[in-house]
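Should a chain be cited, it is by its letter among A, B, C and D, assigned in written order, with residues numbered from 1 in that chain.
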């Protein structure tokens, strides 16, 4: 806590940037990352408040996925820190970060292809309950009725109820994305990172997903969404950060972003706002 | 745990037990019903079932499992030499030592994955083999193999050449010549030895079944499916892998121990890479990831090694004596290519044919047969690729 | 000093053989993604090409000797090679003497055919299969190949002398101003140069031809090359054939050093895998480097001075080095991320 | 002929008489373990007796194993009165009549030792447990011989060792049920040393390369003992890994060691490779300390020497028997083997053939197949006419004592088989030693009941 506290104070003092936010959950502080001399991220500062849905948008190659990867420990930043709920995430391995309550929904579905839909959802649920390792070779998987009930509920939520016993590899791409979402949701993370949750979905599926994410919001889950689809962004986001060329060029409410000239410039010809 | 086994699981266990225990009758027609081969079926069955816990569930291909088999064998013989001819201490000691050995090797090897992991395990096993054959001869008795001996007459005789058997001596158990392993007086050679191994095989099968159906087993399957994802799900995969490695190492230690129990000699070649390769082949041949497959694979390979290798031309002539002379000669000529000293050729062809036509091993064959019977039609082709064949829904 | 110099020579010589075998193995793995357990068998087949040529040259007609008796006391049946009758004893003698180097020509043709047939007939169907399946099927194939060889040539080693002119030892010491005790077999020097030449040729081929460029691109990123619309299938076949030829000539030229027997491929299999992995799966340079490094270390570990400190070290040095390299450099000396790690 | 017959019959029964009670009875209730009437294991009940031939059929010694099997088949023919009778005609004991053994026809089963102790024991167990073999014989390495000998002792059948040269087989690891006809490293040392002295003098410095396992050590020890007794100095003895393939890294140090003799304590493939490579290193043509450098291969195998080709020329070694011997027994054996198979027999074939005959003769003389009785008939048995001159099967350690052949690679071989010439037949008296020397204990016979 104290490290985080110090970092927070330093940052606040130096930059005079949204000085003290009491309910801040995720704090990205001056993160740099370059690949072979190419600056993927430079001086990125970002705060996510408790309970909000924070969207990160930006043109292709702006560094959105890199930022997410830094958050979950996949990529080590060259400089800077990511602090979550008082714990520094930088230097932690992916499973530790997840155990702290940060779950990620992948852009390209990363599900357990050989397992069934139900099993896919139960595995993260067990992880939440039992921690990162528990030697339980004699605890029957099929005896986990509580978790199964919960998993079934979540699966129903994402609309895969009638595919619950299918092998994940036989799902369509869209269904795999729903499954991804379910795997994130069942962990009840304090912070859910969604990497383009609706990419490649048909319009009415997208709407269903939006509804679902809204419902979760009511439960008070904090979310960070990377999204291309502005329809999704403006339907869900409380606040928006715009990333371009590895830098945050604007931050604010959806209304502010909509009217920000810099954003329009960055997106010119790329996306319809 | 027990309550959550499904009815088909119980059925499988009961059928498996019944089949194993009746092998001395059912294998009679194919000439395999004699104690040594039956023991080998059971022992290598245990070895393969254990190997499958690592390879079948997690997908980590160890090429050094024979090291644990060897360590288990040596530990058991040393138990016979130093403690008692009773097999229980030998069993416990073998499993424990193999487990510790597996923990050491697994802890290091599991820092890497894929083929790098395979080569690390292979390297450890080959080092064990080479040293056991030469420099470690004081412990292993090298080429000749570690054997049980009569009680030594003086402390000058090295322990390799004369035993002490502290417990048996303390209990005043009389010995004539070189004693035989026993379970509280019951001889562990011949059929009692087989039944001892068979019971342990059933127990091991049951444990493997529990593991496979447990949370732990599910995590192992998830590792095989997508280890990376599992990390992002909050699971620390390495301890799971190490646990699986150690468990399968203990299975191997148990199998090694049983080899020494049914035949008290331990040789270094049990650790050679070919022996590690053998268990890999058994598992894949039978069907990796299935419960029964590895046991079947072990049986097939041991049968080929013991029986197919013994069919010489004389026996072939006997078998085909119903054919007219010239045809008989031709047929015998043809088959002698594949049996007797040509048994390796049969083995090689079997590997190729099974993996080409039945990618899931023998068990895959059974599944197809069942499907064929169920549908009454030709079985549908099995989707090999794991990519999504279905287009976007909607 | 002399001793160390000689051990370096030994190491280079061994390393040459290791590198040649590993080169083909890693080439196949890097481009085709296939773990080929039959690669050792290809090395063995190459060696038996040399034996076969020798046998072919020795095809003889029989002549009953007037004076000599055979072991049963019957008149001895002498065999006279046809080539002696056709070309006269001088040329025939020359051909027989030089049969090992000449056999390279036969080896190249035979191994190319075998390689292409193997790839077309079997390996091709296993590109997308798990490594375990590839291992099983190629291991089975290796057994079948060696059993066939055993059927025709027996299990015993078959001597294959080097040409007379390079049969003895060269006084390397006198060239370099070292002592008279620095002598080294001519044939081993030839083998080292030969392996260097083959390695150089393979690298040049991959570096300077368009074909090679595509193959290297394929080793970097197989999918993309496939997407470029290049007929990758045909190229795979050629790559496999090339690997077979390299392994084959390595085997053929090795016969004067190691009289070939049907099992020699298996003896080299494990070692060549260790070399490939230490070098880094799919890295050609790594395979060559690892071959030489392991060869030289193995030679040094066998020195009495070192064995007296660490008994048995020569038995395990290769594996020990493999363990150390893999623990300090996760993907071997020159391996790339993500290859063979799933 | 033995294995499939009963099985096929059983399959037919299965088809014909479903539910027949006899079928449901397993092997072990019907015979063997519970049959107390027999006084020894696998007593033959019908009109045949089954012998088990356990030889390497795969692996490095497969060709030697094949030659052993040929010899056994020949022996069986001769015992059953077929063929020309071979050495039965020259054998000093006339007990055998060519009508089998004890009136029972000889049948046999075969198995593959793979030159691995485990596989060899498994294969021997099959022959004992499943095929009712009353005697096991064969093998091509000492590790296997000792392992199988131990097994036969436990199971209660006779073991007639094949090719095994280590002292331990009839020394430290000797067993009452085991018998060896082949010679050992101790005898090799005793026979070879005087010949080496005559040829190379007493002032020599020897460098040993030794295969790093039991037999290699045993060989090295014996040669050292006897050559040092002559005044030779042992410069160094280096252990090489079994199956090293390339020995160059062990050969180069020889060049600078000051040694003028290289002793290769290798057998089989190791011998072929190390000798070939040593010659390539120019060792045979070298001059050290003003003397010609020489190589010695203490145990020769003609079959294996073929693999080394011309490299064996002029190199000394010892062998148990060689087909060029001109005594009546050897001539008879070479004739019947050569006529049947087209080439002369190896020493492995000879020792196996002899062992089969010796066993048969002992059974005939004992009038039973009971191991303890057969063993007693072999103990102290003196015989002649089996190609090695007068031979004694010593009772104290079940080791044969006979003349030892010292051979040399022939300079001008007349055929591919004519690789070795016998330079000296070392008389038996010179190679005899005290049985206590090698330790071990025979223990009691085991009849397996």
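Just so it is clear, a contact is a pair of C-beta atoms (placed from the backbone, for glycine too) under 8 Å apart; a residue touches a chain by one contact, two chains touch by 3 or more.
What you see is a predicted model; the values in this text were computed from it and never measured.
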Quiz item: Taking every chain's C-alpha mean, which one sits closest to the mean of all protein C-alpha atoms?
Solution: B
Practice problem: Let me have the rounded angstrom distance from the C-alpha centre of chain C over to the C-alpha centre of chain D, please. | Solution: 35
Quiz item: CA centre of chain B versus CA centre of chain C: separation in Å?
Solution: 33
Exercise. Could you please state the distance in Å, as a whole number, between where the Cα atoms of chain A are centred and where those of chain B are centred?
Key: 46
Quiz item: Listing for chain D: what residues touch at least two other chains?
Solution: 62, 66, 212, 239, 241
Exercise. Can you tell me which residues of chain C touch two or more of the remaining chains?
Key: 315
Exercise. Hunt down the residues of chain A that sit against at least two other chains at once, touch-wise.
Key: none
Exercise. Spell out all pairs of chains that touch, sorted by label.
Key: A-B, B-C, B-D, C-D
Quiz item: Where on chain B is chain A touching in the complex?
Solution: 1, 3-6, 207, 210-211, 213-219, 221-222, 224-226, 228-237, 239-240, 243, 247, 386-394
Quiz prompt | Of chain D, residues touching chain C in the complex | solution = 59-63, 66, 212, 236, 238-241, 243, 245-246, 248-250, 252-253, 255-256, 269, 272-273, 276-277, 280-282, 285-286, 303-304, 306-311, 323-324, 334-335, 338-339, 344, 414-415, 417-418
Quiz item: In the complex of these two chains, what residues of chain A are touching chain B?
Solution: 72, 93-95, 98-99, 103-104, 106, 110-115, 119, 122-124, 126-128, 130-144, 169-176, 183, 187, 200, 202, 204-205
Exercise. Under the touch definition given earlier, write down the residues of chain C that touch chain D in their complex.
Key: 2-3, 6-7, 9-11, 13-14, 17, 68, 70-72, 76, 150, 154-159, 161-162, 167-169, 179, 181-185, 187-188, 256-259, 261, 263-264, 267-268, 298-299, 302-304, 307, 314-315
Quiz item: Can you list the chain B residues touching chain C in their complex?
Solution: 55, 61, 108, 111-116, 119-120, 122-124, 126-127, 130-131, 133-136, 273, 277, 280-281, 284-285, 288, 337, 342, 344-345, 347-352, 354-356, 359, 384-385
